[in-house]
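Multiple structures follow.
Consider the two complexes below, in which chain A is the common component and chain B and chain C are the respective partners.
Moving on, here comes the complex of A and B:
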């Protein structure tokens, strides 16, 4: 029971890291290597807000989400769109966007070092035990998990029940065909990219409640997010969520039952097995 | 190739430009290169321990008019370089400082591996290497090979010995039992400490009831703490690095790990650790520590005022003392003859912030190895060469 709950809480953390990248990669087709830096930026936003006001860092979501949305919209318009326009194929776009966002990540790191400094940053918020079935869990992790669950559910419902969500999914399935049924593909992609950035930054706000981070730490999150997105299948948000929980549970089970030193190995073995058996990911579509 | 190199260096110069401090003095300034990580995994540590002591030192030297050489007072000009936590970049920066910027002195690099990797380069370029952030058991071999290599630091074993010695004293005094849970981060210093620690624990009569490693950069330490807790230890020892030092303490607090002695290695000495954990940090043991004196208290205050960074309780005061040794040696030699300055380091006593020190055999004669948070101060409770240590207290609660 212990393993299940700790694993679920960790899975919630992973879902937060990966959901934004899924929107950016799965729908907007941009492999954003600066994703982790956006997460750190959100975390810094929450830290700064908490230091200044001593109010709940959750309130920081109110300004972090719109700011991150606007920033990512601008990044897409200025930096990514020219790449999309000149890309002759999906493969070319991926290579170009990887290079461009890789460079972008250094710019983000430089700005964050200049503004917030390079030190370890963290703060204690709700760092107290909560008892579930008689066992102790961190209240901050539970709160972040609930917020992440709400975020995932909201996104899922929005994607599947609204017209705008349908357009997003259509672009994700086939951008050129989506254009034929009068979906503004460029606009929808920009929206998906901006939304992905906002979700990532929101994840950063929630993670900052219990993780120690610094300006250069983003790459850790980018890598984890990448594994989860590919594990779950590109283009399907359900896959990302399921993969995040599988990873969280697997790592916790291995850490508890076998050896904490093998958690990384467990994650990568899982990743390899999925790639061998279902190269398109758990929920991915087979490409023709 | 030439052009590309040129462009690359111009870019580096442009990046470094904001960090360059120009001293206004009639005599040419003494140029000191400070090479370390401003980005990458080692950046958070360097931002506290490595760069600020140089800035404080230069600020104070310049406020006093500069260093007195034979021809008059020279101010100090720092040139900072970002090695991006990559040894090849650090070595390139050393080369560039020596050959392009033609600095008068190159400070030791940040972190052990970098100093060891760059030692041949320092030697080839004719620069002594005065290091603080360099902890290794290979020290005697290295200083023998490189006569310009100085270590303002102790060996890995002395840190493991210090920590285990503190626990042994508690055990022999009947204050704790003999069951110890030990975990370590699966990265160089953590692995080295754990390997040195195992036989030392046995020797000291401890029963290791839990002994596991965990990967660097894990996101949840609850399983580690829970497993250690299940083994029902009397003492908990984590040979840890900063992100996990923070994460483990958080999990231990939430899980109520009821040990009477809790030790976490690297990062415990950061003021951020105490600030974050508040009352929970009380009586936590860790690597480092410093003697509580009015001079030290004043140093922390000045450090914060000048650099806007809270100095740590391990490397920071030693870094500053090391720079005092450098300044005294430069003034005693009266010129910027690097080899003469290095020769002056040997077999002399220096009055510094941390007391009277010397470097017999190119290695510092005294260090604090274990500190304990006591009322917001990380007081030294063990070390070698010093005589005044604070009394170790038992960890009674998590606040």
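Moving on, here comes the complex of A and C:
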């Protein structure tokens, strides 16, 4: 029972982080290997805010989200767009963007080590217990889950009920056809990339409320987000949410039953199963 | 007809042209010349020389797979760490040469599992899998040591002098070059170049793309594991955090890219300047190494996407007054095949429509 509830709480927060990557990879078609570093940057933002003001880290979202949005917009404009223009094919763009964002991730790590140091960081916010079905859980986990659920719902509704959301989904399905119905694909892609970065950073703020992190830990989150996106199916938001819960449960089960140090192994086992059984993901369409 | 084509291709594989013989001879002379370095230098210079030879082995073995296929492997650190661990764990159980072989086998097995899982699907999955592989193996190793109650690190005690390390790594690098040269002129290398240019075309040519990719990835990773086995005694003490340091994978990719990935000797041109630059950075800015690594990496990706070999060849062809890049016959052949198959496919599509 413990495992199920902690796993669901964790999965709910993972859903937000993976949605960020989904927007960047599913819509903007940029494989962003610096995604986890953006998450850690958000976590450091919350940490710094909490240390300075002692106010709820949730308030940090108010400045982390716009800042991350602006930063990711700038990254797309300055670093990614030249690659998009230079690329002769989708495959070449993929290789180039993998390399560029991989380099970028090291720049982020370097900056964060310089600013915040390389030690493990955490802070105690709402670390009082809350009882669900008679078992104790950290209140911070529950609050982070609720905040994540609220943001995910907002994002989902926005994507499905507004014109801008529709444009984003159209680009995700087929960029060249979206261009034909007078959607500005370049602008929409940049917007999706920036929004994805902001959502990921928000995920970082929420995860920082109960996880210990350090500057170089981003790659683990990049991997988890990637595995969630692939498991759920590229371009499918429902799939991402379901997959995030699956990963949260699997990870918590491994951490509780075997060893807390093996969480990545749980993610890899899921990844292997997907690759062997259903490479297009749970909700993905099989491409011809 | 087809058997005739096959035998003639096989014959071409055995015959060595005058130009190739000259290149081989030049390569052998360079290796012999490089072999004199430990006799002339010692101390710091020899240390840097060992780094250069080690990274040459890494970057060239990386290139064997990632060069022709354009699949970026970010897993060098995982295989290097495996090699170190196999050596460290078995040091009291078996003689050292056996351990070197065992390291290669362990790396090959891991590469085969990873390759069979990811290389049948799309290239992105391979990159993602390789990105976290070092961290995954590190977690498993740490857990294993925890479960079996051993210490967090292992001692490797073999007496080897610095020149010996240098010669061992130099020999390995030479072997990697020979293997790379041989693959380049084999049917396998030809198949890989077609895959790198257009995978759909490769499938339509009747190439078993998954098999070709897995074989090459296994070869490439085996070499990285053997480097681990050769270097383990030099470090003396092996522990997970050091053995599976992800920045190694990063450095290898950056060096290969700096040199250029479309020539076998490309990485060598990247390794030498980058190792020297890296030594300088580590001494001058010891706290900003990660940041500067990232900056160097972006500069290479944006400013010299084809690496130093690309620059050199551009300059040469401009001086020679050629319109386009020279390109060897084999890659021209690959382009020809791809062109004609593409036309065929388009024709069929039109026909069906």
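The working rule: the second predicted complex is superposed on the first by the 271 of 288 C-alpha atoms of A that agree within 3 Å, B and C clash if a C-alpha of one lies under 4 Å from a C-alpha of the other, contacts with A are read in each partner's own complex, and residues count from 1 in each chain.
Here, a contact is a pair of C-beta atoms (placed from the backbone, for glycine too) under 8 Å apart; a residue touches a chain by one contact, two chains touch by 3 or more.
The structure displayed is predicted, hence computed values, not measured ones.
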item	value
Fit or clash - chain C, chain B, common chain A	clash
Partner chain(s) touched by A:13 [first = chain B, second = chain C, both, neither]	first
Touched partner set for A:58, first chain B, second chain C, both or neither	neither
Partner chain in contact with A:95 - chain B first, chain C second, else both or neither	second
Touched partner set for A:270, first chain B, second chain C, both or neither	neither
Touching partner for A:113 - first (chain B), second (chain C), both, neither	both
Chain B versus chain C as contact partner of A:242, first or second or both or neither	neither
Which superposed partner A:261 touches (first chain B, second chain C, both, neither)	both
Chain B versus chain C as contact partner of A:103, first or second or both or neither	second
Touching partner for A:128 - first (chain B), second (chain C), both, neither	first
Stretch of chain C penetrating chain B in the combined three-chain arrangement, among 5-13, 203-211, 275-283 or 293-301	275-283
Residues of chain A that lie at the interface with chain B and also at the interface with chain C	106, 109-110, 113, 216, 220, 259, 261, 263-264
Residues of chain A touching chain B in the complex	2-3, 6, 9-10, 13-14, 106, 109-110, 113, 117-124, 127-129, 136-138, 141, 210-212, 214-217, 220, 224, 252, 255-256, 259-261, 263-264
Interface residues, chain B side, partner chain A - complex	15, 37-41, 43-44, 46-48, 85, 183, 186, 212-215, 217-220, 222-224, 226-227, 242-243, 246-247, 250-251, 253-256, 267, 270, 272, 276-278, 309
Residue ranges of chain C touching chain A (in the complex, touch as defined)	70, 72, 74, 117-118, 121-125, 127-129, 131-132, 135-136, 139-140, 142-143, 146-147, 246-247, 250, 253, 257, 287-295, 297-298, 301-302, 305
Residue numbers on chain A that touch chain C, as the complex places them	31, 33, 79, 82, 86, 91-92, 94-96, 98-100, 102-111, 113-114, 216, 219-220, 222-223, 226-227, 230, 258-259, 261-265, 267-268, 271-272, 275-276, 279
